[in-house]
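Working notes, beginning with the structure itself.
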Amino acid sequence: MVSDIWTILAKDIKLDFRSMENFFSMLFFSIIILLIFAFALPADTHDHKTLAPGIFWVTFLLSGMLSLNKSFQMEKENGSMEALLVSPTSRGAIFLGKMAGNTVFIMIIQAMLIPLFSLLFINTAISHFGELLLLSLISTIGFTAIGTLLSGLTTDLRFKDILLPILLFPLLVPLLLASVKITQGILWSQGFQSELDWVKLLIGFDLMFLIISYLTFDFVMEI
Amino acid sequence: MVSDIWTILAKDIKLDFRSMENFFSMLFFSIIILLIFAFALPADTHDHKTLAPGIFWVTFLLSGMLSLNKSFQMEKENGSMEALLVSPTSRGAIFLGKMAGNTVFIMIIQAMLIPLFSLLFINTAISHFGELLLLSLISTIGFTAIGTLLSGLTTDLRFKDILLPILLFPLLVPLLLASVKITQGILWSQGFQSELDWVKLLIGFDLMFLIISYLTFDFVMEI
Amino acid sequence: MRRILGILLIPAIAGCGWMIFFWVPAEASMGIVQKIMYIHVPSVMVAYFSFFIAFISSVGYLWKRKEGFDIVACSTVEIGVIFCGIAIVTGSIWARPTWNTYWSWDPRLTTALILFLIFVGYILLRRFTTYGEQQARLSAVIAIVGCLDIPLIHMSVVWWRTLHQPSTILSTQKNVIDRPLAIMLWISVFTMALLFAYLLSMRIELEQKTRAYLKQIANIY
Amino acid sequence: MRRILGILLIPAIAGCGWMIFFWVPAEASMGIVQKIMYIHVPSVMVAYFSFFIAFISSVGYLWKRKEGFDIVACSTVEIGVIFCGIAIVTGSIWARPTWNTYWSWDPRLTTALILFLIFVGYILLRRFTTYGEQQARLSAVIAIVGCLDIPLIHMSVVWWRTLHQPSTILSTQKNVIDRPLAIMLWISVFTMALLFAYLLSMRIELEQKTRAYLKQIANIY
């Protein structure tokens, strides 16, 4: 089981980073989104301070969604999905492997995005790099738990480009609110402690959807 | 020529609205994006006032991009693109027909989005409905001029989901800045007059890219 | 059975409407607008109830793989979305004189809106897929995930709001309701529940007929 | 030809480096940081120049359909992106002591950043397509559209910024530069242009070899 997860994770990471295009295009997409916000929203530093947490997490949602889009694309295109499904690998292992792959991919993007975000919006963010990255990790787990499930669910469908965000974003509202609030706590006051209730909510979200997605992934991936 | 454009436009509109799913999914996508902004950004009315123009146009860009994505998808899926290309219809007519189709589609979404935007962010927006819709039209023409070209350019490619925004958004920076500024003018002061330079820039943008896209579409659509 | 429901409905709705406008006194501080609560509150309750049924029958479908569960799930979601929409619209109308704005991020309304969007997604998913076992499976998963998310959504929306400004608003709903008003509310809930049961049975029958028809077509080709 | 360039380059860069640090006096108000301008300004100019070449040769490709144009276009874009990147980084470093922040939405820097992103998109487009006539066509279209957008981008970015706050910033760049500083700037521009020509000729040769190799492989299969 664990070795299956590991195999899928290693394969996905290898594919992602062998073709660095994939990684770079996602990184540049995130930069472009940050830039668009910088252009569209008022530029004075006071405003940026209050807006920054929201901008950071909306960028996260948008670029994360595009990462999910490509999650099962490779398997779909060369038809290796069927091979994977009829192999003795359990569905649960496929799910956890894919989810881990998405998590690693998004986390690396986040690690590069935090300094950039700090540069463009709120200079103090970089001094909270560790806390923001930890928060990113906690949010990313919840995000990829639902995201991987829904990405697997929509791969077969015709208008998946549009269906995935419609299904995904409303479900992620608790995650978004919690992340924004905790980021405010980190940037403006005493860090995680000041928003302990939200941290609990976020962890509860992660655990719940990790379990639900793990259990329901079987049904999504039936042939 | 004109009748060719009309045929393609009528066909696209008929297909878009025969399957109302397409239209509704785009509308709900826009609503969800507006909602995410409402959640992620500070909620007091003063802030909303300064943020509103930016939020409106970022939503426009994101939902517009998804509309473009599906622009050539129908033809691609059932292989009728080749039939269209070898038919005596000129490339220019295909371009203008497709562009008109995208424009109509986005404009209908915008017409429904303005009241909603007014409801969620800035109550006075609805009293400027006509001006905002006119501005939307001017912006949409520039947007669909480049957008249709790039959507045609990327349909064949592997990672078009990610490539389209990366190519499109940086090119649209002048359009975004002009639209945001003019919207500020409309919502805060005397309407179009106060931002006349930006209006000129926007119209110049439209004309230039209408011509360039029309001329270069030939090269994009070679078989 | 449905015929009885239908016959019961006509006097129930008529009676309820009459009572709302002629029997029950107007609420002291709100005036006439408060009467919209007799539509708003039952709609919310019916919407939640129908999503709950959708949850149960989706679990049932994935467990037992009986098509009947899927029929109930998809019918009840559609009706639930309609009632949820009614709840949001009536809530906004009620908000207008109360808070002087049509939309105020009241936690309950916001939760209802998010639920509305989730289950609109469910319906769109069904529309984008074709009738079959896959459609039933995928949409059941969405219904389950969506329903389990409800408590988290509600909690986060309440916190999000209250941390912004203390909710002086909620207290107006929680204060002691006059006796006739409370009775009236229960009567309207009961009427709305009748309406829901009637619509659901109609929708289920329609769905069964459609599917029988689709199966026939599939057999021909 | 390229060998001569290469031989010229070594003393040019060495001499230029020496002059920057030992010959030219430090600028009065800025101090030592100002010396980064001798890298920044030439980089910007070279980047713009290379995008201009890319534009010309893209038009040439679409018109004449000679592969040579495409080779020049893709080579010059890659070098242009590198110089554009250098310009952005050196600009940010220069901004730090001047405006006390690494990034200040200075119109020139912002324009450079957008250009950088446009041509990074060009490179990614080439990476996502495979070698062939289609790749050349599509990327030529992007180069043309991107270059024609430059004046609009610059204009809008300048207006966007100046409407926010009067650009007291720009004036520091426009004031009279001391005579030795101006000479130094021209020397460094000349050196950078040499470097550009050398890199471009290397890149073009590499591209020609790669393509010859790809064609060989294609012939085998």
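Here the chain labels run A, B, C and D in written order, and each chain numbers its own residues starting at 1.
We take it that a contact is a pair of C-beta atoms (placed from the backbone, for glycine too) under 8 Å apart; a residue touches a chain by one contact, two chains touch by 3 or more.
Nothing here was measured: the structure is a model prediction, and the numbers come from that model.
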{"item": "Set of chains whose contacts include both chain D and chain A", "value": "B"}
{"item": "Comparison of A-C and B-C (more C-beta pairs in contact)", "value": "A-C"}
{"item": "Centre-of-Cα separation between chain C and chain B, whole angstrom", "value": "34"}
{"item": "Euclidean distance of C-alpha centroids - chain B vs chain D, Å", "value": "31"}
{"item": "Averaged-CA centre spacing for the pair chain D and chain C, given as whole angstrom", "value": "60"}
{"item": "Two or more partner chains touched - positions in chain D", "value": "114, 117, 120-121, 124, 128, 160"}
{"item": "Touching two or more other chains - residue numbers and ranges from chain B", "value": "21, 25, 28, 32, 39, 158-159, 163, 166, 170, 173, 177"}
{"item": "All chain pairs that touch each other", "value": "A-B, A-C, A-D, B-C, B-D"}
{"item": "Residues on chain A engaged by chain C in the complex (per definition of touch)", "value": "146, 149, 153, 156-159, 163, 166-167, 170-171, 173-174, 177-178, 181, 197-198, 201, 204-205, 208-209, 212-213, 216, 219-220, 222"}
{"item": "Residues on chain D engaged by chain A in the complex (per definition of touch)", "value": "92, 101-103, 105, 113-114, 117, 120-121, 124, 127-128, 160, 164"}
{"item": "Residues of chain C touching chain A in the complex", "value": "62, 114, 117-118, 120-121, 124-125, 128-129, 134, 137-138, 140-142, 144-146, 148-149, 152-153, 155-157, 159-160, 163"}
{"item": "In the complex with chain D, residue positions of chain A that touch it", "value": "21, 24-25, 28, 31-32, 35, 38-39, 43-44, 119-120, 123"}
{"item": "Contact set on chain A toward chain B in their complex", "value": "21-22, 25-26, 28-29, 32-33, 36-37, 39-42, 47, 50-51, 53-55, 57-58, 61-62, 66, 69-70, 77, 158-159, 161-163, 165-166, 169-170, 173, 176-177, 180"}
